[in-house]
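Common to both upcoming complexes is chain A, partnered first by chain B, then by chain C.
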Partner chain A sequence: MTTLTQAPETPAARETPARRRRRVDRLPYLLLLPCLAIIGVLLLWPLGQVVAMSFFRLDNVRQLRGDRDWPWVGLGNYAEILGDPFFRTVLRNTVLFAAANVALTMILGTLVGLLLNRLGKRMATFVASCVMLAWATPALTGTIVWKWLFDDTSGLVTWLFNALPDGLSNALFGRADWTGYGWFNSPLMFFSILTLVVVWHSFPFIAVSVLAGLKSVPSELHEAARVDGAGPWKVFWKITFPLLRPVFGILVVLSTIWDFKVFTQQFVLAGGTQDRPTFMLSIYSYAEAFSPPPKYGLGAAIAVILTLILLVVTGLYVRMVLKQEEDA
Partner chain B sequence: MNRWKRLAPVTAVVASAAMVLAGCGGSGDDEAADNSKLTVWMMGEGSEAQTAFLDGVEAEFKKKHPDTDVVVQYIPWLEAPKKFQAALAGGEGPDVTELGNTETQGWAAQEALADVTAKFAAWPEGKDILPDLVRNAQLDGKQYGVPWYAGVRALYYRTDWFAEAGVKPPTNWDELVAAAKAVQAKKPGTYGIALPGNSELPFYSFLWGAGGEIAIQQGDTWKSGYTSPQAQQAVKFWTDLVTVHKVAPPAAAGWNEIDARTQFATGKAAMAFAGSWQAGAIKKDNPEIEKVWGTFPIPGPDGKPAPAFAGGSDVALWQDSKKQDLAWDYLTVLLSKQKDKEFASSLGFFPVYSDLVGGGEYANDKIMAAFATSLQNTRLTPLTPKWVEVSRTKTVTQAMNSSVIKGQKTVEQATADAAAEMESILNAK
Partner chain C sequence: MKRGAVVKRVALNGAGLLVALFAAFPVYWMIATSLKPNREIFSATPRPVPTAPTLEHYREILTGNLIPGVTFLDFFLNSVLVAVSTVVLSGLVALLAATAVARFRFKLRTSFLIMLLVVQMIPLEALVIPLFLMIQRLGLYNTLPSLVLTYLGFSLPFAVWMLRGFVAAVPKELEEAAAIDGASRAQTFRRVLFPLVAPGLVATSIFSFITAWNELIFALTFVNDQDRYTLPVAMTFFFGRDDTAWGPVMAASTLFTLPVIVFFLLVQRRMVSGLVAGAVKG
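This part shows the complex of A and B:
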């Protein structure tokens, strides 16, 4: 952080000929070039391709190769998707899932961050390492393990529910034998488990980021508030939260982006693209584009819709945060 | 799309430059190199037996083409669609490829496979191949693949548990339910039948057994058969196994054939639907099971074995291959009657030649006999390239059965919804 803030000062502070200063000014851009080139090739170019593809009817692999014409359909792909009642199900799933996951991830992550800040050094290291392990687990492996936990015959969760006293289990759930229970059968259960997996994967990042933010808050402020008789709840909302507002802003935007495009966890838990009632936008796009027969144009259009939704949501949120800062 | 097209040559130049660079370290014989290599894609992981067999095929092929090396690459079944798409988009594919016979029409419609109608007609041995399998590899009357081996599904069962419960292999639907209940009562903690609720092919035997149809073509339009009383009877029977008779668990709504087969292999179910080729995988899970298993054909409602889906593999020539004749020569060696019989028996499949599967060849084999019986009465899924979307992408049949098992829809609702969805896909322009 320090180098960044000092950088612009250095050339101005030194007495240099105008010519040399100009060359120095150009240097940062030259240094950025390789990065821009890589981003351009790996990110902007494919992005442009996807947008372009969404305006054509592409249902043959040979079209991608340039062997066949690309028939222009304009907004036809978009009309087809938006007119399909199934799209409403998918959109509802996506929005509800993302909202629930962002909220839960933020709450859990913040609580763990606050806890880490209060713990002693050794305990904090221990808890942080445990939490980081969840974050470090690759999404694919982590999800496979979760799926095993919910296996209908030999999963740990099935075993735990079987271990409940029969009377209690019957009173609570209306069944005592959980072997063979379809954990993923109803969309609600499926999304609950998916939420568990996704929150488990993403809260450590929030926790660590919040902790980093907390470390920068002078402890005198908290002490002063406590001396004045504020409880933890009040301290958080009156001191911590306003000070960390930019951190929370960025974390919410990042979480929103991640939770809107969850794919790996869903693909693994649902066992592929078969469970259509639980589709969300990203898996919907994948299934339309790549399941035989391929419909690359439709898949691309869904991807563009997902991107637009994300832009709107994050744009609104960023504006809200900025406005609050001005008001404050 | 001119801009994109103009870029195609650029990509080609870059790609060829890369290939030239990569080729620099190679042998360097360019023009003559054309026929020096034949690339063959095979599905699966490539067992030792299969590799040894293909070495034999190559030796035979080399008698005619001594200068051609056959390079065999194995592709896992589930990877195949992605691999095919990439090969087709990039322009670098195999010369000969195996593919599942439910996928041939779809890939033919994607212009991945070469039209071999003329070659097939001029090949004498081809006339003895089972006609259902040959038709399954056609699109718009043209032949795009040649059947290689065939397989049907039947029911595996535990002979020891059946003996304990005092039941015999069932021959009709009522007996099937009775046997499942009897064994489940005798063996607490197991399921009477491992129902693959998320698979379609075993279910079709019940549909066809009841006299139902998947879809029928009337002129230019397809009409789904799911709203017929026969089809509804089949759906009701299939889903009742979970919801009414409780001889399979609710989780079965999400099971595919492998999940269900594993329940049987690990001693958690008394019966399971599986193909003859899966015997090896079941034994791998549980080597002991060989002593206590048997098979019987999937029963129809009335005492006759139900029709079975004619599954298996085709071999096709890749349309982009520049060595069509060479590739066809390889195909005819691979698919010759003698090699076909050799290969099929080593894998637990059946050869595709009618004169090889008839007769009493398999009558005394405790596993294969039931499959040989089922193979006498096979049916196909609708012959249209759009079928793959119904079957694989929208999984219409699987979703219909699952929704009834999960209690989300009644049989009437589920069949009506499935029929409407199927017709909208099959009749789409």
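This part shows the complex of A and C:
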């Protein structure tokens, strides 16, 4: 409470400059201390720990509690993963899924953002509110609803396909009766539906961000281009896109990071961690570590690989942006 | 020319309606299904609107015992307990840190801000295994505090990032005036800054709440006893696997989703500006 007694005096006149600086300097660090401690202990330390764990053979929970030794295996876990042909399937699933989802989310989100900018005020508010609903819905329940829509007996999608004229359905898909059709049975179908769910969840953020960006662009630019005879395609690529490039850059990176580590939607759609052909890196890491028999070291190594890939993606992007700014 | 404009207007509005339908339909269908009697849910021709709305599915999940002695409400309370504890702790710590970066100029300020951005890029899914190790070592396995601790770490960086703006928006003159009137720093913080930042604190808290409320993987891994499950775990465990009981599943999903939607709509605008802040300004 020393500050209380000091306060009525005019501190600047009383204190030497050195004393004053020291007092001003220490407080912000004190305020930051709890935050730094939490981030350090709960985010940065585990990040180092996952790397450390990947060098050990850990297949018993007692090792984690510290009751048993940690046998050092060096790069053994990495050799085991990279030597397994299954890893190639997982990697291909992850990369293709992320690429498809980022592309589709960006395209749909941008189109919806542009659309919202062109609609009348009331219509725009209505559409934006509906779009918000998709964004606000938790990944868990959103996925459960999509699963219900694709239910093989009473799901709405099954009913819609049954409602197609039999001849058309036969010609297109080679079947007319869709009741009991296993929508999730082939990896391709599973990934298509998972893409639908993930894009549904993530396009609203892109749309709203693009819309926010568009509002910051002076509309005279667009009008001038249109008066000069530029079509919508040309206006977008010559004016809108260059102006919003930083926004698009951030959105692509965020989407890439999110889509590389999709977990909840896949876990719920697949009903757990049994569907190995549709594994992607995050669920693969989890299943190796926690499905019996547990292999924490191996799971940690996969988690490290996932983190490294994301690091490279982010790094490439940062370089790209820096280079663009140098050229400009 | 005029005809072309009308066609364009109709096409734009049509596209708008399609987007609205795609985005909102699953949410509508969830609520509609939860209100339909079973014969309507499983009928050969689905009805777009419940013709005989009923609350039987809600009654079933709220009164029925999912495991002996545990109902939906118990899981709901577990989730509330974890989320609220996370919110309180995260809000307190974030407020201190946000004050530091918004009110002071110090040597490591920029480094701290960059660090906040970078840690948000860490894939949390990669931290399940090391955090599981930490929870085991601390003896917190199979307890709800293990989840509070985890979610605190996850929500804090964004919470500080968001609150920083709110603290900076409070005019500094008010605090200076309080100081001249003889208030100590602690008093200024409590009586002047805190009330003015409170709305921002609410917005930030809602974000932390949603993070904790929705989380599945860590809750699935760190808690073993069924009566300690949070709602998301209980939903995947008891409902997600039984593919026939869509009525109760949709009722439970609705009860889980509605608080999130309400909270989300309250803070949505601030979340966008938080996530892409800096990108627009350049």
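Observations on the structure shown:
Heads up, the rule we're going with is that the second predicted complex is superposed on the first by the 294 of 328 C-alpha atoms of A that agree within 3 Å, B and C clash if a C-alpha of one lies under 4 Å from a C-alpha of the other, contacts with A are read in each partner's own complex, and residues count from 1 in each chain.
Definition applied: a contact is a pair of C-beta atoms (placed from the backbone, for glycine too) under 8 Å apart; a residue touches a chain by one contact, two chains touch by 3 or more.
It should be emphasised that the depicted structure is a prediction, and the values quoted were computed from it without experimental measurement.
Judged by the touch definition given at the top, the superposed model places A:146 against chain C, while chain B stays out of reach. In the superposition on chain A, contact is made by A:271 with both chain B and chain C.
Put chain B and chain C next to each other and count what each touches on chain A; the higher total goes to C. Of the two partner chains placed around the shared chain by superposition, chain B is the only one that A:293 touches, whereas chain C remains out of contact. When both complexes are overlaid on chain A, the residue A:72 reaches chain B alone and has no touch with chain C. Looking at chain A, you'll find residues 61, 64-66, 153, 271, 290 touch chain B in one structure and chain C in the other.
Here chain A touches chain B in the complex through residues 52, 56, 60-62, 64-66, 69-70, 72, 152-153, 179-186, 271, 273-276, 287, 290-294, going by the rule given at the top. The touching residues of chain C, when paired with chain A in their complex, are 12-13, 15-17, 19-24, 26-27, 29-30, 33, 41-46, 93-94, 96-97, 99-101, 103-104, 106, 108-109, 112, 115, 119, 121-134, 136-137, 149-150, 152-154, 156-157, 160, 179, 182-187, 210, 213-214, 216-217, 221, 232, 235-236, 239-241, 243, 246, 249-250, 253, 256-257, 260-261, 264-265, 268, 272-273, 275-276, 279-280, 282.
Per the touch definition, chain B reaches chain A in the complex via residues 1, 4-5, 7-8, 11, 81-82, 85, 88-91, 103, 106, 109-112, 189, 191, 198, 249-254, 256, 263, 268, 385-386, 388-389, 392-395, 398-399, 406, 408. Touching chain C in their complex are the following residues of chain A: 1, 3-4, 7-8, 24-25, 27-29, 31-32, 34-36, 38-39, 41-47, 49-50, 53, 61, 64-66, 112, 115-116, 118-120, 123-124, 126-127, 130-142, 144-149, 151, 153-154, 156, 159, 200, 204-205, 208-209, 212-213, 216, 246-247, 249-251, 254, 257, 260-261, 263-264, 267-268, 271-272, 282, 285-286, 289-290, 296, 299-300, 303-304, 306-307, 310, 314.
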